[in-house]
Amino acid sequence: MTAAGLSTYSADVQAEVAQVREVVSALHAELPRWELVVWTAGNVSQRLKSADLFVIKPSGVTYDELTAESMVVCDLDGNLVDGTRNPSSDTAAHAYVYRNMDHVGGVVHTHSTYATAWAARAEPVPCVLTMMADEFGGDVPVGPFALIGDDSIGKGIVDTLSTSRSPAVLMRNHGPFTIGKDAKSAVKAAVMVEEVARTVHISRQLGEPLRIPQEQIDSLYDRYQNVYGK
Amino acid sequence: MTAAGLSTYSADVQAEVAQVREVVSALHAELPRWELVVWTAGNVSQRLKSADLFVIKPSGVTYDELTAESMVVCDLDGNLVDGTRNPSSDTAAHAYVYRNMDHVGGVVHTHSTYATAWAARAEPVPCVLTMMADEFGGDVPVGPFALIGDDSIGKGIVDTLSTSRSPAVLMRNHGPFTIGKDAKSAVKAAVMVEEVARTVHISRQLGEPLRIPQEQIDSLYDRYQNVYGK
Amino acid sequence: MTAAGLSTYSADVQAEVAQVREVVSALHAELPRWELVVWTAGNVSQRLKSADLFVIKPSGVTYDELTAESMVVCDLDGNLVDGTRNPSSDTAAHAYVYRNMDHVGGVVHTHSTYATAWAARAEPVPCVLTMMADEFGGDVPVGPFALIGDDSIGKGIVDTLSTSRSPAVLMRNHGPFTIGKDAKSAVKAAVMVEEVARTVHISRQLGEPLRIPQEQIDSLYDRYQNVYGK
Amino acid sequence: MTAAGLSTYSADVQAEVAQVREVVSALHAELPRWELVVWTAGNVSQRLKSADLFVIKPSGVTYDELTAESMVVCDLDGNLVDGTRNPSSDTAAHAYVYRNMDHVGGVVHTHSTYATAWAARAEPVPCVLTMMADEFGGDVPVGPFALIGDDSIGKGIVDTLSTSRSPAVLMRNHGPFTIGKDAKSAVKAAVMVEEVARTVHISRQLGEPLRIPQEQIDSLYDRYQNVYGK
């Protein structure tokens, strides 16, 4: 694959690309740090504000080797625009989300253990923790089984998250995808979804955790997003 | 929020604030070290000996960014007195504990996984380990479900711990709060409550752990607190 | 044991040995990094392209002490050819694999926790994750119970893997062995088999994970090995 | 407590003390490294060859603060002979083992999670792994419930290990003690007992692991201790 490069883009766009490459490269270090990935699995992307482009991890590169320069730039159809490596094999899913969810500025995909364990049973994580009410506003939903290679995964993510407060979806038999206003928010959601998937899993091993009534979930979510969040 | 600052306090108080900022900042590093927190969750505070003030973590700051200078100082009603950031959103609960439990000099809150898993089932951790008898003097109790925003959480902590030897309470659907004579003791209790919550959870996965008779719990607790502790 | 040394081999072979010693020594660091081994357990080997020899870990040396120089060289009957230490006690199994599977250039053995837990029940890990379809092309199979000391372990590995797409076999009551075109591929398979063994174990703790239909496993495996792999 | 010091001992003994202090101090770092302890829990000791003395961890010192100088020297009745701190509160148990088991040169005590979980149910770890046959020669046995403060713990360890091949005993409701020819061997046994306790626990969560026939356990144990061990 030969990339057209950024020469037809303005200096502002080129400057933002340089800055977002740094951000996305640095955020990848959070994935092994919080034990969300092994080997080369997992990827983070961020959309540009100045053009219909996003920056994403290249395919098959280990976390030790990742640098800002090795990050690749794609358009919203997932075509490589700038970079010397192939984009992540999950690029089509990221692109679909950006094309169809205007408020999303960052996407993360991992195979984090506990979230993926719920996904393999196609079971949502029930909202039994105040931390879940704060961050997810309810259960963490499950998306459909979808094969890689076309828009099926992206469509499954968008369809599921469009009808949920949750910034995380558990794609069936596959793993979590998370969204946010930027890549950092999506990484935080990836860390938090694994944390709540693990805690609720462990709680349920010895009995049934107690649900939080919907009214109190709503109250916690509203406060966290609107009061605390500012 | 603009803080009044410490200019109306004596030099002794100002010196103690400077020292306690260092202590509290350094103790925050124990929370990720023992895997009690992810992202920015969790907070440690310590009361001053020289004034009705306490030092606590600011809100929403990552563990990598914490410094003694970034710690904030509050009065016992939870109002910000000194610092350039907002206090932790759990400040009201810490303040309530200090107002109502004179012997408490340190408070810690985490969402540590196993302790929170017991809390989501509202189930006390039974005393089946000599280490629990030593440190907790019996079961680790559960506190009520309480929403953030008023004194409910603080009152739940104080009501529960006032009738227990345990320095840790599992707030229902929320997570553990621990107390101690200073912040270091409360951090130790936070580490130990997660350890015993994990060990007893794992033990119960394959059968029923054997209770330690109350008389022997009393003997172990007395020895540890009164003989060994000196 | 006194080794004959490499003096009867060509300069090319000696150069390849030097290079493969570096590779194999460095790859051993991946085993504790991904928490696949404790103490001195676990071993990695790589076959030479230029001679019927392979490089493997010496016996009983801790991971901190491993160096390229401490690696040992054996022939395909498992006899020590070069090195000052005894070869790993699993050398006969590695040698058997190289003698009987021409396409294998790397072998890894660990006692990684979750893979070994399945092995102790003699139960294959069912293919319920897209990541498993990609990497293993189906279930991870179980090999026979075999005592150390003759070719039983090697034969069990070869017999099982010859009739499977999987690069990993769970030897009953023992632990996983993995193969690859080189040592790095076999290490990747060792990391991945523990990851899928853990995730599927956790998923099954709370219910039955959903199988992926064979046709879709085939599709994912074909794409990953033939399209993505290039 | 004022220690008599080593001035009445020969230069050889003093030299061995200096060397064993270094060994024991360094080995303590293995306990947090393999996640066998939290906070200040856990202790390692080694008997001298040149006198009836042993070196052990001081009480209540964190792992970061441990140095060779801070280690303390006790006689075989557990009395402090040299050092500026109190010996570990488990010193009486170590001393009892040295007084009653001549071949033991090192003792380790931890509260490692999985081993302690079996101990809380007073259930031996069944021998279902070739690694267990090698290292333990059969099941890991359980010792009695015993209060600290007299010889009960030491006697429970000695009574149990005297009738077992295992270098590890799970003291009921308490945790594992391990022995070895020196402190390093006992630390290895502490690492291995947690590893097998964890692996067998996880295996049993989803069914019954398959026992290894006694004859094959014997064969593996004999080979590992007598052939490989040399």
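Note that the chains are named A, B, C and D in the order they appear, and that numbering of residues resets to 1 at the start of each chain.
By our rule, a contact is a pair of C-beta atoms (placed from the backbone, for glycine too) under 8 Å apart; a residue touches a chain by one contact, two chains touch by 3 or more.
Note that this is a predicted model, so its numbers are computed, not measured.
Two copies of one chain, chain A and chain C, form a contact in which under half of the residue numbers belong to both partners. Centroids of chain A and chain C (each the mean of its C-alpha atoms) stand 32 Å apart.
Rounded to whole angstrom units, the spacing between the C-alpha centres of chain B and chain C is 46. Those residues of chain A in touch with two or more other chains are numbered 205. Two chains count as a pair here when they touch; such pairs are A-B, A-C, B-D, C-D.
For chain A in complex with chain C, the residues that touch the partner chain are 38-39, 41, 59, 89, 111, 113-114, 116-118, 120-123, 145, 147-149, 172-175, 201, 204-205.
Across the complex, chain D meets chain C through its residues 34, 128-131, 188, 191-192, 195, 198-200, 202-203, 205-210, 212, 216, 219-220, 223, 228.
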